[in-house]
Amino acid sequence: MALRGASLKKVKVGIFKCGNIGSAPLLELLIDELADREDISVRSVTTGAKMLVEEVEEALPKIFDFNPDFIVFTSPNPAVQGPTKAREILLEKKIPSIFISDAPGKRLKEEFEKNGFGYIIVMGDPLIGARKEFLDPSEMALFNSNIIKVLAITGVYRIIHQEIDRIINCYKEGLTAELPKLIIDTDSIRDNSDFKNPYAKAKAMAAYELTKKVAEINTRACFMEKEKEKYIPLVACAHEIVQIAAKLAEEAREIEKYTDTLVRRPHSKDGRLKIKEKLMLPLTFDEEIYHKWFKSSKADSQA
Amino acid sequence: MALRGASLKKVKVGIFKCGNIGSAPLLELLIDELADREDISVRSVTTGAKMLVEEVEEALPKIFDFNPDFIVFTSPNPAVQGPTKAREILLEKKIPSIFISDAPGKRLKEEFEKNGFGYIIVMGDPLIGARKEFLDPSEMALFNSNIIKVLAITGVYRIIHQEIDRIINCYKEGLTAELPKLIIDTDSIRDNSDFKNPYAKAKAMAAYELTKKVAEINTRACFMEKEKEKYIPLVACAHEIVQIAAKLAEEAREIEKYTDTLVRRPHSKDGRLKIKEKLMLPLTFDEEIYHKWFKSSKADSQA
Amino acid sequence: MALRGASLKKVKVGIFKCGNIGSAPLLELLIDELADREDISVRSVTTGAKMLVEEVEEALPKIFDFNPDFIVFTSPNPAVQGPTKAREILLEKKIPSIFISDAPGKRLKEEFEKNGFGYIIVMGDPLIGARKEFLDPSEMALFNSNIIKVLAITGVYRIIHQEIDRIINCYKEGLTAELPKLIIDTDSIRDNSDFKNPYAKAKAMAAYELTKKVAEINTRACFMEKEKEKYIPLVACAHEIVQIAAKLAEEAREIEKYTDTLVRRPHSKDGRLKIKEKLMLPLTFDEEIYHKWFKSSKADSQA
Amino acid sequence: MALRGASLKKVKVGIFKCGNIGSAPLLELLIDELADREDISVRSVTTGAKMLVEEVEEALPKIFDFNPDFIVFTSPNPAVQGPTKAREILLEKKIPSIFISDAPGKRLKEEFEKNGFGYIIVMGDPLIGARKEFLDPSEMALFNSNIIKVLAITGVYRIIHQEIDRIINCYKEGLTAELPKLIIDTDSIRDNSDFKNPYAKAKAMAAYELTKKVAEINTRACFMEKEKEKYIPLVACAHEIVQIAAKLAEEAREIEKYTDTLVRRPHSKDGRLKIKEKLMLPLTFDEEIYHKWFKSSKADSQA
Amino acid sequence: MALRGASLKKVKVGIFKCGNIGSAPLLELLIDELADREDISVRSVTTGAKMLVEEVEEALPKIFDFNPDFIVFTSPNPAVQGPTKAREILLEKKIPSIFISDAPGKRLKEEFEKNGFGYIIVMGDPLIGARKEFLDPSEMALFNSNIIKVLAITGVYRIIHQEIDRIINCYKEGLTAELPKLIIDTDSIRDNSDFKNPYAKAKAMAAYELTKKVAEINTRACFMEKEKEKYIPLVACAHEIVQIAAKLAEEAREIEKYTDTLVRRPHSKDGRLKIKEKLMLPLTFDEEIYHKWFKSSKADSQA
Amino acid sequence: MALRGASLKKVKVGIFKCGNIGSAPLLELLIDELADREDISVRSVTTGAKMLVEEVEEALPKIFDFNPDFIVFTSPNPAVQGPTKAREILLEKKIPSIFISDAPGKRLKEEFEKNGFGYIIVMGDPLIGARKEFLDPSEMALFNSNIIKVLAITGVYRIIHQEIDRIINCYKEGLTAELPKLIIDTDSIRDNSDFKNPYAKAKAMAAYELTKKVAEINTRACFMEKEKEKYIPLVACAHEIVQIAAKLAEEAREIEKYTDTLVRRPHSKDGRLKIKEKLMLPLTFDEEIYHKWFKSSKADSQA
């Protein structure tokens, strides 16, 4: 199916970041990595590290002035007050919205579906070791660096940006996009990854499992242990795991480089996805993905 | 000098990100890494990867609605049209503004100073290998992951957030803050770092020098070489260097961990900086830094 | 308290291994690492990899011929038929017995206590990736090699052999030994390890957490997934984790070597524990541990 | 040649471990790695770390009660008194017996052959650094962990278990098995290994050569040097070599994983050997090995 | 083109080393790595680390006694007095001479060409960190070890010895050899390397770029910084970079080993170049290179 | 003892390299690493890779023209014809001469002593894997790079240059220098190294033991195995060992850097040895070494 007839208007993507998760800091860049995409316009607003209700109430409306076609809302644990207030506002505004969140978001699955929100729950996007004796700005940045590496290499970022790309493409085609209903767990990596080498894939899965372990340890260290002799070693332990998870992920990617089978999937200027495997060979359009996307979407729009 | 008498009002920090540099993705989090700081409120707006004049014109004013006490503007090469337009608008608005930028920003030093803008030029925050045959969302994220690691470990992020902290503290003290005029080069790391081990410092300096080398190679690969047989190996080479720079930086940090001398500098709830060295020992307030800040600032405010 | 008056008779330790766990293959050697200990005699019998009732019934009595002072019984999941049969036999025989087991053994805690058995549950001694498409003799040996490394470095083996040493010493002193009631989890490493460097300890704790993760993944791969496209990547992923756990543990030990603070605790010829830290300095007797052991044991024997 | 006609009775393998060598701790598991093999029954008895005559005399007979079809006897240096006593007993009992031993065993080659014993001399199964100032239970376990890794990856364990498998299969076929007469040196790895990549093989051979070097150094440190200033650095040096030998072996295995050519050779339920190369492809029966085994054995049985 | 008609006389290669560069210490060995080449005779004279005019004047003539067919002169910065004096002497003697030099030599390009000297400028052969507080014999040797590794693996040494081989072969064929006019920069590696894997090539290029960075830093540390607090960290930083450059180069070579595509190009006994790729396959003569060499040389000789 | 009264004339060191050993390529530089030493003058002549009698006869006399105070002659196996011829010539010329050689030189110990030659036998300076199917110029250079690293870090180079320095200083003092009679084995490293950390020393010793193992394997591969299926894997195996020996040595040095205890021993301008430990602290003169040297030498000169 050719992409002729696509709308000439840019699709407008609004992003609101409420607190931080590993999927958030580079989100805008994931859908326009070369800053040359002509089919979209992006605006993003954040209240920084804070997730307070009053900040959400004040800042979220800024994104509406941009008239976005749809909104992506990122936050850790979306059950807390700030994101909950955001859902109330967004529900009222009736703008199609997708919530990207970490593991605690899984508990809101039904609420999301009932209210028509899309959701992408990243099970391996862990809580940071948020203990003052341990976490300073450098440690925080390092933690995020490691998480970004794992999420990029395992293909989690690819799954996320392709969901957004799918919606953008539906808008461009005049189709009704079905919002994503995704829980990204290790199975998603096993079943959807671009790894050609099965051991590289196993290492990537291992890296992702480790980030889930980090979430488990940090949750205990931040919310359950009260004495610093107990929680400091735990957060230090969790950050050691995330460091080695990043190494394991990097090793997985190196394996693909070692046999020149690393798959690359850049966006073209007009927004379409390209693909290639051998580094020195040319890119081709990834026809396959469009067939997959529109087959389901068409059906929806005709229903 | 004690901090009594400090204003009770939160200091409002406005951030505008125009395109991406390595210092940008985590900027809000660097000044509130535990999301518990009660002395500041932060808003950040971005147009995503794009740096177009019309996007800046439309999006920048959103940050004014927030009535920020000062604005931090991040972008690569601030000489291009988008950031130039931003400077016109900010100059007119008369809000104190700081430009954080990469090496090409050095050429605007005089313009910044003439117009009263603060600036932080991060010489080791390199251009990405922006060639479509090579750069896809995963590669982009990986590159940023590696840059973040280098900037965090070398102490560049610390220099940046302490400049912002200094201004915040001046506001809180009712002092006139002098905006930063900083070019962060390898010397800054040599002369200001927290490394206790001289070889760890040498490795950190080496990592930073490598990111400068990356900038040099990517500039050539992106703007000078025309044939893909020539530029693809160059961008691939640059990204190999950034990967190994991150490893070298990590090794520097590990050395400090190996002798339990890794310095941590978290923000306290009221925004004051704390410090410690041995992991299991308690934090203390970093009195020294306040003396340094206010000594110079007081002089200014009396002038 | 001096050790005079100790019995001259050798304490006889009987070991029965039913199937394999990571704590089993070197168990005899852990209590006599230099093969020169004059205070004990050890016999060990195993039915190999199998855990069948009939094999246990036939082989276990062989250990009784040796007239052991006490028996150590190792097996995975002690709730299955073979080990259950063993408990019946041992209960009848009234020989003091200690069960060393992996995490599933935790569910038998109450049964052990009710019947007067000692137990040591090693939470980080994981199930192997027992899928025929993946596990061959080499992979099995490698897995055990990695587990042994983690259990040795984290100090788990030390906890185990010191429990046995404690009992041996009670016998030698004519004291009634209280059998161990231990669940060795990450907390045990945090609170009992010999690491002098807190980051080394954090890495060791991380390694142990990873082996617990391996147990979780292998349990799913071995008992829940039915299709080989699903379970092969999972067992491969688990074995990648155990490999990196061994590396992390090794790194923890290297840190202690780097500052020459690695603690060594050999047995002396007469069985007493010695200790030292700096490699080139002499050993001393570890008086402390005897005080700790006998303080509690004496109380028991007087009760 | 099909395996029809095989006997339905389980072949009984008796194992006696006298002292420890690297080939011993996992020996039972190597021939039944998944604990599901229906064609064999295994019993193993050990006297722990000790090799005393009286312990051998008392414990060895326990294995006779099991009526083993053949016995595998493992020990370091079989020329010392304990193993020598064992040979006297076994010779008298006329049970087919195989001695697995380390390099000093090579000197008994002729005696073994004269008395009809099988033997497998593992030249790269080195003496441990048995100096009390250095060797404690943790160091001992680590050393074994590293040796196990080398012996598993280089294929030495495979050579050993296939010799035992060959004998088991001869019993099952009603053939007279020729007992092994094997000296496993670096040549055996060069000529028999499963490595597909020649550099991986070279690294594996290198790892094995290093374990031989370890034997040489530890022998000197344990038996020749008298002053601790001399022997402690030597045993420490030897254990550094075994650690790096394990890393080199691991690297060899990783190479095979990197091109998905790692050969796996699990036992099937009925004991037959299966084989495969690509991780995600199915196993096939290894017909070749049976042809090789029976060709020679048949000839023997007809002779 | 066959090599019949080649002269039977040995070609005499005179080498003079004036001070040290990374291309010098093994130069004689690069053209006769197996010490079995029958077509050449080599003499080499050096004044050690010194580059003084009087030493050059005294020692250089020793090489003339050998009646060399041509001379290779190696030195750092050939613009300084010693090498300049050498050029005067060599110009007078009219012996064909090739100058191998580091980056500063590039400035003499025109002088070389005007005077008919051949030249090979190795841009990535950096100045050592020649500061007394840092550089001792061990550090000097280590630096050279790392540079040698980079120059060997990137193929720089191959480019150099093939230029010498080309000239030797022209002599043997009675052809007039054109002396080399080469500046070996990263492009040379990109365009001429033997790497089969593009990521290996990118890593090799990266290693070479790092050695260029080392030159830049050491030049600053040795000639511009005056205080030891400033220059010691800089030379230490430069030597960290060269260490990691060697690692990166080694990794590039390992990649080729991992897929058994590492190209080897030994000299045969009669001096002709052979080539092969798979380790266990036989060598073949490298016909291609002779065609390339003589095509151009013939043309020259007929001109 | 002060060094006043030292002769003003430069001591002349003549070096002749016959074939290559690991101690040779940087020898001149080891005694003048900063090229600023004013007390010596050095000339070095080599015949390249070859060790033929006729080449030695022709080239050796060139070094006599320089009127050296003493000669250092380096070669592998000094029992072969070329070096033997050199000994004849040197014996006749009566110039004090020191032979630096690899392990086979040990067999000439008595001959050296009888004829009054000094000797330094470097037991860990191994034969290269000189098989044409394997060794090309790049592999040769890499091997030397690795050997240089091991010899530099283990302190072997330091032992060598201090022997030469001792003789130079005796000449300067007008003392009769006793020529060295040294066999540098692992004991020399154990007993003379500068390592402060005992595990670093153990790793350095291990690295040196590995180079001895390389010699053993390459000797077999080069002189005993005839089929290429046999010798190619062996030389590849040996070169893997030398690579990992270099890594192990590097790790030893890193340990000293990690605690800032790396000892540096540069030559001062006047040739005296300086020393320091902490990187940022100043150098001091190494008085100790002079006392050691002259105590023995004086005695000699008075005898």
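Here the chain labels run A, B, C, D, E and F in written order, and each chain numbers its own residues starting at 1.
Rule of thumb we're sticking to: contacts are C-beta pairs under 8 Å (C-beta built on N, C-alpha and C of every residue); 3 or more make two chains touch, one makes a residue touch a chain.
Being a predicted model, the structure only gives us computed values, none of them experimental.
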Determine the shortest chain-contact distance, in steps, between chain A and chain F.
-> 2
Same or different residue numbers at the chain C/chain D copy interface, by half rule = same
Measuring centre to centre with C-alpha atoms, which chain is farthest from chain D?
-> B
Give the label of the chain whose average Cα location is farthest from that of chain E.
-> C
Going through C-D, B-E or A-E one by one, find the pair whose contacts repeat those of D-E for over half of the pairs by residue number.
-> A-E
Gap in Å, rounded to a whole number, between the CA centres of chain C and chain B | 50
Could you state the distance in Å from the CA-based centre of chain E to that of chain F?
-> 24
What whole-Å value do you get for the distance between chain C and chain E if each is reduced to the mean of its CA atoms?
-> 59
At what distance in angstrom does the C-alpha mean of chain C lie from that of chain A?
-> 43
Please set out, as single numbers or ranges, the residues of chain E touching at least two other chains.
-> 198-199, 232, 236, 258-259, 279-280
Full set of chain pairs in contact is A-B, A-C, A-D, A-E, B-C, B-E, B-F, C-D, C-F, D-E, D-F, E-F
What part of chain D is in contact with chain C in the complex they form?
-> 13, 15, 19-20, 25-26, 28-35, 37, 41-51, 55, 58-59, 62, 65-66, 130, 132-142, 144-146, 148-149, 151-153, 155, 157-158, 161, 228-229, 232, 236, 243, 246, 250, 253, 264-268, 274, 276, 279-280, 282-283
Which positions of chain E touch chain A when the two form their complex?
-> 197-199, 255, 258-259
Going by the contact rule at the top, pick out the chain A residues touching chain C in the complex.
-> 186-187, 190, 198-199, 201-203, 205-206, 209-210, 213, 217, 230, 232-234, 236-241, 244, 247-248
Interface with chain F, chain C side, in the complex: residues 257-260, 262, 278-280
